[in-house]
Amino acid sequence: MSITEILFWFLCALALGGALMMVTSKNPVYSVLWLVVVFFAISGHYILLNAQFLAVVNIIVYAGAIMVLFLFVIMLMNMNADNEPQKNKWLKIAGAVAGGSLMLVFVAALRQTETLQAQQVNMGGEAGLIKVLGKTLFTDYVLPFEISSVLFLSAMVGAVVIGKKGD
Amino acid sequence: MTALLLILVPLIGGLVTFFVKQESQAKLWSFVVSLVTLAAMSVNLLMHDEAGRSFTAEWLPMLGSSFALQMDGASTLLCFLTSLCYPIIFSSTWKSSYASPNSFYGLMLLAQAGITGVFLAADGLLFYFFWELALIPVYFLCSKWGGEKRIAVTFKFFIYTFIGSLLMLVGLLYMYYQTADASFSMQSLYAVKLTGEQQSWLFWLFFVAFAVKMPVFPFHTWQPDTYEQSPTAVTMVLSALMVKMGLFAVIRWLLPLFPDAAVQYDNIVIGLSVIGMIYASILAMQQDDIKRLIAYSSIAHIGLMSAALFVNNESGLQGAMIQLFSHGVNVLGMWIVIELIERRFGTRKMSELGGLAQKAPGLTILLVIVALANVALPLTNAFIGEFLMFNGLFKFNIWYAAVGGLSVILSAIYSLRMIQKVFYGNENILTATGADINWVEKASLAVIVVAIFVMGVYPKPVFELTTDTVTLILGVFK
Amino acid sequence: MPINYYIILAVALFSIGVAGVLTRRNAIIIFMCIELMLNAVNLLLVAFSKMHYANAVAINPSAIAGTEAQLFVFFIMVVAAAEVSVGLAIIVMMYRNIHSVDVNFLNRLKH
Amino acid sequence: MNLILISAIWGIVMMFSGLFLKSKSSAKTVALIGSIALLIGNFFDLSGKMIINSNFNGMLQYERFGLLFLTVLVLALIMYILLSGKDVEAVGNHPFEYFALIFFVMSGAGLVALFNNLLILFIGIEIISIPLYILTGSDKRNLKGNEAALKYFLMGSFSTGIMLMGIAFLYGATGSFQLEQLMLQPQEDYKIFMLIGIVMIMVALAFKVSAAPFHFWTPDVYDGAPTVFTSFMATIVKAAVFIGFVNLFANAFGNKTGNWQMTVAIITTLTLFIGNITAVYQQSVKRMLAYSSIAQAGFMMFAVFAINDMAKQGLLLYAAAYCFATIGIFAVLVKMKDYTFDGFNGLAKKQPLVALVLTVCLLSLAGIPLTAGFFAKYFVLAAAVKTGTYLWLVIFAVVMAAVSVYYYFRVIQAMYFKEGEGQEMLITVPFKALLVTVAAVVILLGVYPSLLLNWLTLF
Amino acid sequence: MKSIIDLVYLVPLFPLIGFLINGLGRKNLSKSLSGIIGSGVILASFVVSLLIFNETRAEGFIATTVNLFEFINVAGLNIPFAFQVDQLSALFLLIITGVGFLIHVYSTSYMHEEEPHHYARYFSFLNLFVFSMLLLVLGANYLIMFIGWEGVGLCSYLLIGYWFKNTEYGNAARKAFVMNRIGDLGFLLGLFFIIQQFGSLTYTEVFSQAEGMFKGDAIIVVITLLLFVGATGKSAQIPLYTWLPDAMAGPTPVSALIHAATMVTAGIYMIARSNILYTLAPVSQTVVAVVGLATAILAATIALKQNDIKKVLAYSTVSQLGYMFLGLGVGAYTGAVFHVMTHAFFKALLFLGAGSVIHAMHHEQDIRKMGGLAKKLPTTHWTFLAGCIAIAGIPPFSGFFSKDEILVHAFAANPVYYVIGLAGALMTAFYMFRLYAMTFRGTFRGTHEQEHHLHESPWQMTMPLIVLAVLAIVAGFVGIPELFAADAHKLEHYLAPVFKASTEIAETHHVEHSTEYILLAVSITLIVLSILYALNRFSKKPETGEAEGFGKVLANKWYVDELYNSIVTKPLNGLGAFTNRFIEKSGIDGIVNGVGKSVQWGGRQLRLMQSGQVGSYVLWMVLGILILFVITITILK
């Protein structure tokens, strides 16, 4: 078992475990921290897949910005474990079952193609390098790039309109 | 050109009426409009103006649908009936006044436009269009000016017929995609060759729509309530004209489009119709409200017609043709009488009436004549039709004729029962107050009486008129 | 690595996210679960991009493939960021009004 | 392209004009100018004269159909601003921002109508959704509004997740986001990816157009949101998403009809059933319209179901008919205090003209001939019949249409036949004039739909 | 050449005009005027009929058809509006217009108490009746006959219900019409069979084709039986006879005209007209004979115990009609027609006499309250007596010849017929003279003030009585059996062309003259005896109380009305009520409304899915996704 494989399995375990902890832990703050762990694990995967740029962005944007935002909000509402009363048990179970069966269906659908077992993922290649990405981003993908500014604008306006105190 | 006029005059006239606020003027105006329509129709008939009986204009080329109107024998007859009935309706209900008369008369005329359109349309989509258009004004008329249960009752009627017509629309669409030149025109729809299996379900899609409109047992339950609740002027339109839409649709669309299915299912249809005749007659004997009585008797008569349409022999078809007209005239006469009674005595309950013959002999005589026409006494118009239809039914199957014949007896029973309860016997407090009918009402009833006898004694012209339709239908069955 | 592993992993994360949305009632946590779902998608996209890259080089060693997937991931992150800002704003507004972020209290509108 | 640019730019213009123009009432005017600018821009789009005449390496494709569809949307928008602009200003303290968001939504609609790449579809949908979350919650004091906003947001982003998963699988199948690439048959092993992808993206879009069983947000959100914005969401936005829906399935999966048609058929059936049946028992007209919009979506799903020119024409007509009628009804509804059916009692006596226009609009929604609604339904059903399969679906649909008559006519009955003195509302003369225009358009399209459809073949 | 025959349409035309004038102008016409018009038109058509009759008496006269206009010409079925003039129709024309005229004259004075417009209405109805009766006998095809057939039914309805204020009379009128309708349905079906078989309704064509067919052909049996059903309705035979006695609700002249002289003989005419068909269907002939005989006996028994002067006459009518059918049944077509003629005379006479009595007694009809009127009303008395003798069948009065002819033929066909027939004849004689005795003999049993006002009727009433009495006496001599004088039977000779075909086909059982003598002797003696018994029994101590024992059954007409009521009327109403309540309201309409209700219910239930909980919403969505996956991937892959 090569080093990459070990790494791979470790990251998988980390991601799944973190995700589960995030979902289950009572205290929102813990959930946030667990989610951060998951993001790190995923970034690890990116690196394994030789997509360094995304790995970095993932850390910065998600773990860095978004999660901090979450933390701020939670702190601001100073929520802690106990102020989430128990949800209706049946709905909980139903939810868990539904999620599980979704998983099952996916797996069942996917595992019927044996050939995919053989389908390898190339760990190398420079598709993920910033140089390549940058080039395509500003040539082929210039329209979405520009248009996403509109998205941000609207988000910004929205945040202001909604969040502005007073009125 | 006449074809177009028959629709345009009432349509435009009706729209104008909405702006004639003053009651008497609204009445006068709408009456004039209906007279103009009648004039146009009569001129065409007298001139034998064949050319004027069809009209075609571009409408929706992309849908392969054009604004095509065409009068064959049956539709000419029915257009004439429509244009004849409207002036009579207006004149006979002259005395009764309605809230916001302008919209009432406007809607009446719009309904006329719609009905005439149904009789004229020679294009599948256009036909469906008018089919619904005739319905909408009537819906508003009934729900606004009707009796106290009007809203619910009319609504039931509307949805009932609407479902039917939508099913027909699906069938029509399917037919459209079967046509060679992707067109809704009658000719290309006729030309479609369908497999037996296709025909059999398309047949039912169409038949339900028409059966609800006619109405054929067991699709009839909306009818007595609606007739009872809606203002009599509207009831006249409903039972004298709209009912014919269903029958006419069978003649022009159902039979020519699906001859094989029509033959395949003739026993079901005729069976239902014959059951309906007896069933409705028996119910008619139970009614106390005259309107309901007439409603059921009308179901019985329609049953005979719808049966006769499917017997697939000339006698039956011709009988049905002439009866289309006769039934319209007779039932109209019935409603007029009821309208007059109700306006005078404020009730339609036979149990509350009685002895009118002393107060209103004129009314009595006219009613007796109409009622006798209703029971198809010889030398009245209905006799010709019923004789031929029963003969056709007999040719088709002796037993249907025998069973259906019972309705002849039953009709005598309930009609005479009505005459006696309403007109004979001694007058009571309520009826002692009444007065006989004035000359306007007499005149409008006189027209009907004349029509009854003229057609009853000399039906030849009608036969000549409708021969082409009959031969067409018999042709497709060959 | 076989592509299957990645697919399973991504799907697993996605399903956990869904289960989280279904089981939790704290709006913020639900929102985080949704973020988790998005990340699962990102992972899947990257994996696929490498897969197609592998297919491409198998035919032509000097081929460049799978870039667009990674760019897509980039855009997903962008959108996610925008959504978060708006979403948190809404949640805060909610909190200001009813001093709770419990979605079970959202039942004025029903039937 | 012009339209996308102009709307984006005009959004910013609106924001800044908010700074300089103090009077709230000027917002409507500015917006009106903008919308007219959009119309002009779109006209040039149609005639092929664009500011930036490029499809950005196949990111966009300028189909007549899409462009014409946008024309309809813009016209609807103009009508919307004319009728309800004042009420938008009345909602909160940020009229300019509201209009700005509306314009951003329009640019999103432009993207969705013209996309040729899943990325654009995704971004377009997001640009449409995010402003809507905000508009829903724009009335901040109103708890219902907040609730609606949060529900909408949570479920919306959830569906985004679903859609992305779908896109990812589609990419896995074909290795590209370009529609023409998706058109190609994927290699054998990847077929399954394709299937999963189609289903998931279908689900996500079904959510956006509020098709059952993904419609649950619709009644609550439409009910909770300020009525003006409900009107906007229910009409223009829904239509915009639909054009995206149809484009995607026409240009990406059109050749794979059959294995996803069944799924669409199921969704359509459910939508028609739930939408119509549930609407029957509603007491509030606003909520009834929410359910009716679900039902109408069910009919528009026919366009997705039967991907052919008939379907596209049908969708175009449907969008026009549905938008105009609904905008008209909402415009009146906003002015009313009491949203229950009884609130409409005796309106015909108080406001005969308004009642008449409402009647025309309702008849159109019910699909009665002589109104645009009839031809709209006619076209989509015809498209479905044309496919020659699933006739039971069409028959089911018409039966449901008959059911819809039930709840639409309840309003008409209340206005005309029920006793009661219609409630007070301030109706200005220009407003009346506009209402009449709406009615006129509805009837005109109902008598002569070619007016609109001929544009598909013009130029 | 233009013969009077071509003007035959005048005969029905005059009454029609009279009807229109009297009907439309009833408000403005004075009584006398409308009376004159009413009777005048009939007189006019009587004159025309006479001329026509003359034509037909010419040697070798062949039946001519007068086409008026095309009535129905559809589906290869051509029914012109045409009249056929031959001996049979000519004879009936005479009877109808002749007797009709007398009765019109009679009515002018009988109805003088009526208000002018009712008076005019009465005459218009009377004219209308004559009109339709003439159509019936003149028609050249079964359809025209049917028109008249239903027309007379209508008129009897109108005239029975003439005093419309009285609900009882109204019911009687309805009963008459409905019962006729039942018969008419049979008739109509018969017509359809004829159309199917012969493709035409015109007599000449039908009969000429029929002659080609072999005897006892099933189709002909069916046709004749169905036609006979019609006849039972119109001519009051079992089972449809019950309307006729009730029909006495109408004014007495109406009873005389319609329910004695003319309308009820329509059935006889019809069968006589289609004699060839019946001759070809022995089965039907037997049925006709048996039914006729049964009716004759039944009615006679009932008549024994009736106390209403008109009821007695009504039942005697029924019974006499029975005889006519017996005659037809045994192939004595001439005899039947002969009896129709004589019966028309004496029965009209009797009714008018009764009318005169009633008139004198101020509308008292119960014979138990009469008696000893002989000296008060001499003319009425003598004429009435003549009528009684005639109907009883005492030579040389007319009734004797006609009845005897029928009975002899009956004997020839089957002696049993003769015996039963004779029994009936005896009863007839008995109840007629019971009636006579209780009315005119003995002492007056009415109130004093009635007695005070007793007076003979004016000439308008007595004149017809006298004329009819004379006819009743002498009419018999047109049909003297060759027993007495070789081919003195003018009538038979006259009618021979009409019945030529059937006389050829039918095998004639000849009766020895000796037997005939015996039969005559027996019958006459018996009849005379019963008359004498009746006379002295009822002149001395007339029965004034209610009948009891078996007599009660007879007095209540064998309870037939009650029977019909319980097996037909009641069940029909019950069925109607049931249908209305359960099938219509709860059944069909219930289903229709049920659909609507279930939709609303569904709406109420589906609303609950919209629980307001985000959690459940998302759950539904996920479930949706799962299901769609399963379907798409497993089923459609």
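First chain written, first letter: the chains are A, B, C, D and E, and each begins at residue 1.
Heads up, the rule we're going with is that a contact is a pair of C-beta atoms (placed from the backbone, for glycine too) under 8 Å apart; a residue touches a chain by one contact, two chains touch by 3 or more.
Only a predicted model underlies this, so the values are computations on that prediction, with no experimental measurement involved.
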item	value
Graph distance between chain C and chain E, where chains that touch are linked	1
Most widely separated chain from chain A, with each centre as the mean of CA atoms	E
Taking each chain's C-alpha mean as its centre, the one farthest from chain D	E
Chain whose Cα mean lies nearest the overall Cα mean	B
C-D or A-C, whichever has more C-beta pairs in contact	A-C
Chain centre separation (chain D, chain E; CA means) in Å	79
Distance from the mean Cα position of chain E to that of chain B, given in whole angstrom	37
Interchain centroid distance [CA atoms averaged], chain B/chain D, Å	43
Whole-Å gap separating chain A and chain E, where each centre is the average of the chain's CA atoms	103
Per-residue multi-chain contacts in chain C, two or more chains	7, 14, 17-18, 21-22, 25, 30-31, 49, 51, 65-66, 68, 71, 75, 79, 82-83, 86, 90-91, 93, 103-104, 106, 108-110
Interface hub residues of chain E, defined as touching at least two other chains	607, 610, 612-615, 618-619, 622-623, 625, 629, 633
Multi-chain contact residues (two or more partners), chain A	87, 91, 94-95, 98-99, 102, 106, 109-110, 116, 119, 140-141, 144, 148, 151, 154-155, 158, 162
Complete list of chain pairs which touch one another	A-C, A-D, A-E, B-D, B-E, C-D, C-E, D-E
Chain A residues touching chain E - in the complex, by the definition given at the top	87, 91, 94-95, 98-99, 101-102, 105, 109
Residues of chain D that touch chain C when the two form their complex	119, 122-123, 126, 130, 133-134, 137, 140-141, 143-144, 146-151, 153-154, 157-158, 160-161, 164-165, 167-169, 171-172, 175-177, 219-220, 223-224
For the chain D and chain B complex, residues of the former touching the latter	313, 363, 368-370, 374, 378, 381-382, 385-386, 388, 391, 394-395, 398-399, 401-402, 405-406, 409, 413, 416-418, 448-450, 453-454
Residue numbers on chain D that touch chain E, as the complex places them	151, 154-155, 158-159, 162, 192, 195-196, 198-200, 202-203, 207, 213-214, 216-217, 219-220, 258-260, 262-263, 266-267, 274, 277-282, 403, 406
Footprint of chain A on chain E - complex, ascending	613, 615-616, 619, 622-623, 625-626, 629-630, 633
